[in-house]
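Listed next: structures, encoded as structure tokens.
One chain, chain A, appears in both complexes that follow, with chain B as partner in the first and chain C in the second.
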Partner chain A sequence: MSAAALPKQEWGRRRLAYLLSAPASLLILLIYVLPIVAVFVISFTDYSLVYDGFNFVGLDNYKQMLTDEHFAEAFRNTLIYAAIFIPGAFFLPLVLAIAIQRRRRFRSILEVLYFMPVTSTLTAMTLVWRALLDGNQGAINNMLVSLGLDKVNWLGDGDIVLISIAMVSIWGIIGFNMVLFLAGLTAIPQNLYEAASIDGADHPLDRFFQVTWPLLAPTSLFVSVNTLVTAFKLFDTVAVLTHGGPDRASEVYLYLAYLEGFENFNMAYACALSLVFLAVLFLVAWLQTRMGDRRRTHA
Partner chain B sequence: MSVTSIEQPQASWLRFLASFKPKSIADAVGTGLLFLGAWLVIFPFIWMLSASLKPADEVYDSNFHFWPETFRGDVNYYGVLFDQPYLTFLANSFIVCAGILVVQLVTAVPAAYALAKLKFRGKTILFGFVVASLTIPINVTSIPIYLGLVKVGLLDTYFSLMFPFFVSVFAIFLFRQFFKDYPDSIIDAARVDGFSEIEIILRLILPAAIPAVAAFSVFSVVAHWNDLYWPLIVVQSQEKMTAALSMLQYQSEFDNDYGRTFASATVVTLPMVVIFLFARRLFIRSITMSGIKG
Partner chain C sequence: MAGLELRDIRKSFGNTQVLKGLSFQIADGEFLSLVGESGCGKSTLLRIISGLETPDSGEVLIGGEVMNAASPKDRNISMVFQDYALYPHMSVAQNISMPLIMARLPLHARLPLLNKISPSARAIRPEIASEVEAVAKQLRIEHLLNRRPAELSGGQRQRVALGRALVRHPKLFLMDEPLSNLDAKLRVEVRKEITELHQSTGLTFVYVTHDQTEAMTMSHRVALLEKGHLLQLATPSALYADPHSVAVARFIGSPEINILPVDVSSGIARLGETTVPGRAVNMDGSTLFALRPEAARLVDRHDTSTDFKLGFTRHLTEDLGHEVLLHGTLDALPEARFRMRLPKTSDLLSGTSLDTALHVGFDARSLLFFNADGERLRDAAIVAEVREAAQ
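Take a look at the complex of A and B:
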């Protein structure tokens, strides 16, 4: 079908569509498409901001990852952190949402209070957390001492620092995930609970496993994927709280990529790190879509 | 009016009071636990506020009491706002957030309308790019964008702080969903009545999309007010420092007046908390809308 064959009005509308989508398209090209292509190309070079010129080095940057101790450490730290963070960031909000959802009294005040950390500026609040977690004079250790317990070196002990960071991150995400769960719970029709209770599911746990959990599955999938991605994206807390320390014990993946790119100016290596990160994100997104599709065909 | 109208408010007042009587012990314990948890969650805010009112030597006192023995709140806040450049930092954050939001809306609304309601070649490809870009965080594209800004000599400018966020693929995706649900019959009728496409967008579609636009705006402003990563990369001077980034200065003994430090943390956190308290519904909608992606 040639353009001339279109009615005049239709052609005008089509031209308008190009006009309307042009600014966004141009910006997507400049902000997403070209940079991704550039990251890809640079990752096969030895480009560094501090030297002029560059050579193509093939897969060297990717091979370097396999032997780079810091990479292995950052990778491990990220996984350990995720393993601590994700269960807390999933189950605490789920329990809270279920507990809050059914009560009419205090519901909004509780929602507001638990949600406060989500809106707050994490860099500022991390400063507060650094004071609270201080090994010598922090409020948390003071409380432990007054309970007759030993002080904990929250930020200075390499074995504990990831737990401390996970704690701060969980504090920051509880309200966010709770709101998602609350929305999911509200969408469950009340008569399903009545039907379940006729079938003899009277105990709260029965109600949970027979009605709430299966019907909450789409929300749970979204929350878990979102939480997983948030775990991988950990950066701010590390940058303010520990600088990756002590002795790289809290150096996570994105913080390493940042250091390599913008502190050491190993741009090419940092690009390779970024691409691997993106590959993981795409994998997660793909799995999420597949799981979502399977659920829909089952339903 | 009869006597009942005088008695009624009283009765409802009593019923209101009675409603606070716990239904059972389990209910009371549950409520207690929920409030205990809530107390733990907001304790850092209370501690911050308290520290901001204290002289430096009281901040780390081993027994915490909210109200300081020596009140230094006036000195601390005065110092933050007038001796230190915090007004500049706050203004920078405000300019950056406002600039980003305006450009995001101006680029996303028309593109979303075209994707939802108009036919054009390349539509599927454009939408494909939008969806793929949803997954790409700034952390992955930061190096080429940084190098580009170095090349054109625009580091440490408002432009460099805003540029990577001028297009929000999330906004395009969200608004497209919203516009798609708008009935075609109304648009066709408007066309028959002689409305131009621009008039249709401005007078029909946009008013209908206001809930989505408002919720997205809250989402965008909060995200960029709180962002640390990108300002950390492009800001080089105090003049362009954002509020969130300024908190990083305390890494290196920038200020050992701890009371004043936490006064600055309060000043930086306050705007978003205030917006939240006034626009709670919007905040919550902006989060549940992000669930549409899934």
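Take a look at the complex of A and C:
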């Protein structure tokens, strides 16, 4: 083998490497990068689905948000929804996971039961929930009446609708978060609980706060970030159950973006909304991870 | 008053009987080792003493009180786990202070957030901190108090585990193979430190190990378990010199004791084709002769100073520096392994090869006798014909 042949061979190896990674890179570029770049560019224009051509308008779309009542309302609705959804979607699965983990019998059956909503199509299940939550004929209201209670206008009352949607979403995510917590709990060495009970920490609260909670921290962090992102991504349940109603009471952020883009054909404004959404989510998730890291290293 | 008393402890897991009725007492301040092969039930027994496991039947008495129903916390015991079981999220100081916090602070003062505002916590915590510091100083880990277990070496973790166990001044100090994760050199060092710790604290120690050297070097008495039974409970030297059964003789001592199957009929013992010199008294049928490896020595072909002289074929030599171990077989009994431990000065070995014919000599009084079931024959002996004639 001559010395001159080496670079040529090396070049061949590189070409092969690029060739092999090209399909995946191209797909990532097409599916993720280009759309984000496009959304970014469009958000500085007045592009609309119903007119050809567009002009650059600078930050006008972003300025519009500051004065847009619908934007403020959607933002507020999203925060209220998140405030109901996140604690439920975090603590219910945690309690369930701890309760189920100690069981020998029925554990796998319970796991499957709670996980089932995750595997089903959320849109189809939401239709079922619409029937259950129906103000007049719904099974839930019929049950309330048979118990001698008043009917609740689950989806028609502006003060209740966000709670109803949060309930459906929590139902949908319980199994997933519970399985994550179960995995985290299984990873805690059993002998730490034994050491704890020798040390006198045999009260359930002590066991939880001295051993379970601190050692579950990485799992909890992941679950909370994931749940937070899920909360802000709320769209399909609203689209199927309420269409943002009654009277915009359940119009959440992404639903507003959808309305602006595909109902009002305000594509440029919708793009600006999406970018702000992305930025907020990124910021919150980053902060949360930072805090989690600090807790793990300095607590 | 007994530091610990066990009365007919039985325990099964499913259909497997792990402990088959164990009873013994440990004196206050005694160091007792539980020894046996893995699966003999020693760890289960320790867990029953600690309260982590409940016996199916039998009683556990600590300081004279029946403790069967008491939780580990109420038994006032400490335990060092095999892999230390340190809390990975806590500093060394927090790890060591855990038993004191649990014992002295009320529940609300142990919970997150509330602990910051609890007045009782504010009063008691400094006191706990100073006790933790004292224990850390005793174990020479005071410079590590702010570190996490993950930042410590195996030996340092071991000390933290000891500190966490010591800090509460328990009635009973339990250890479950605490040295098995340390390297050989460190193990010898920590072994010595644990012995010193026992001497300085005067606590009752129960120490589980599969390593007979640890058991022999550290403890006052050793309890040898096999398949859930107590084989023998005695001082290390008694276990070595005066085993009740062939199983005990085999387990204790390294290299293992030599077992020679012998056929005895009407006072004449036969090692294979060779007749044993002297009369076999108080034994009959198939019998086991046992001989410690150091009780045999190499003798010259013409030497007559020992009661027995047998041809030996060497298969392997292990030179340990201060002594030499020989592995081989007796020519009279080629199917039984024979091991010898010789001082390095044995000059009969110099210049020999594996093919050189060697002779092993030993005395009848070094032999231990067991029947075919492995029980010790205490009255058995080999008596020289001459001496018998003289009586």
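Please note the rule applied: the second predicted complex is superposed on the first by the 273 of 299 C-alpha atoms of A that agree within 3 Å, B and C clash if a C-alpha of one lies under 4 Å from a C-alpha of the other, contacts with A are read in each partner's own complex, and residues count from 1 in each chain.
As a convention for this text, contacts are C-beta pairs under 8 Å (C-beta built on N, C-alpha and C of every residue); 3 or more make two chains touch, one makes a residue touch a chain.
Since we're looking at a predicted model, the values are computed, not measured.
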item	value
Fit-or-clash call for chain B and chain C when the two complexes are aligned on chain A	fit
Which superposed partner A:Ala201 touches (first chain B, second chain C, both, neither)	second
Touching partner for A:Asp247 - first (chain B), second (chain C), both, neither	neither
Vertex chain A; arms to chain B and chain C (CA centroids, nearest 10 degrees)	80
First, second, both or neither for A:Pro214, with chain B first and chain C second	second
Greater residue coverage of chain A in the superposed arrangement, chain B or chain C	B
First, second, both or neither for A:Phe282, with chain B first and chain C second	first
Chain B versus chain C as contact partner of A:Ala124, first or second or both or neither	first
First, second, both or neither for A:Val179, with chain B first and chain C second	first
Overlay on chain A, chain C to chain B nearest C-alpha distance, Å	9
Footprint overlap on chain A, where chain B in one structure and chain C in the other make contact	none
List of chain B residues in touch with chain A within their complex	19-20, 27, 30-31, 34-35, 37-38, 41-42, 44-45, 47-48, 51, 59-60, 62-64, 106-108, 110-111, 113-115, 118-121, 123, 126, 129-130, 132-137, 139-147, 150, 163-164, 166-167, 169, 172, 197, 222, 225-226, 228-229, 232-233, 243-245, 247-248, 250-251, 258, 261-262, 264-266, 268-269, 272-273, 275-277, 280, 283-284, 287-288, 290-291, 293-294
Parts of chain A lying in touch with chain C, wherever the complex brings them together	189, 191-192, 194-203, 205-206, 209-211, 214-215, 217, 296, 299
Residues of chain A touching chain B in the complex	13-14, 16-21, 23-25, 27-28, 31-36, 38-39, 42, 49, 96, 99-100, 103, 105-106, 110-129, 131-132, 134, 137-139, 142, 171, 174-176, 179-180, 183, 218-219, 221-222, 225-226, 233, 235-236, 239-240, 243, 254, 257-258, 261-262, 267, 270-271, 274-275, 277-278, 281-282, 285, 288, 292
List of chain C residues in touch with chain A within their complex	50-52, 71-73, 77-79, 81, 83, 85-90, 98-99, 102-103, 107, 110-112, 164
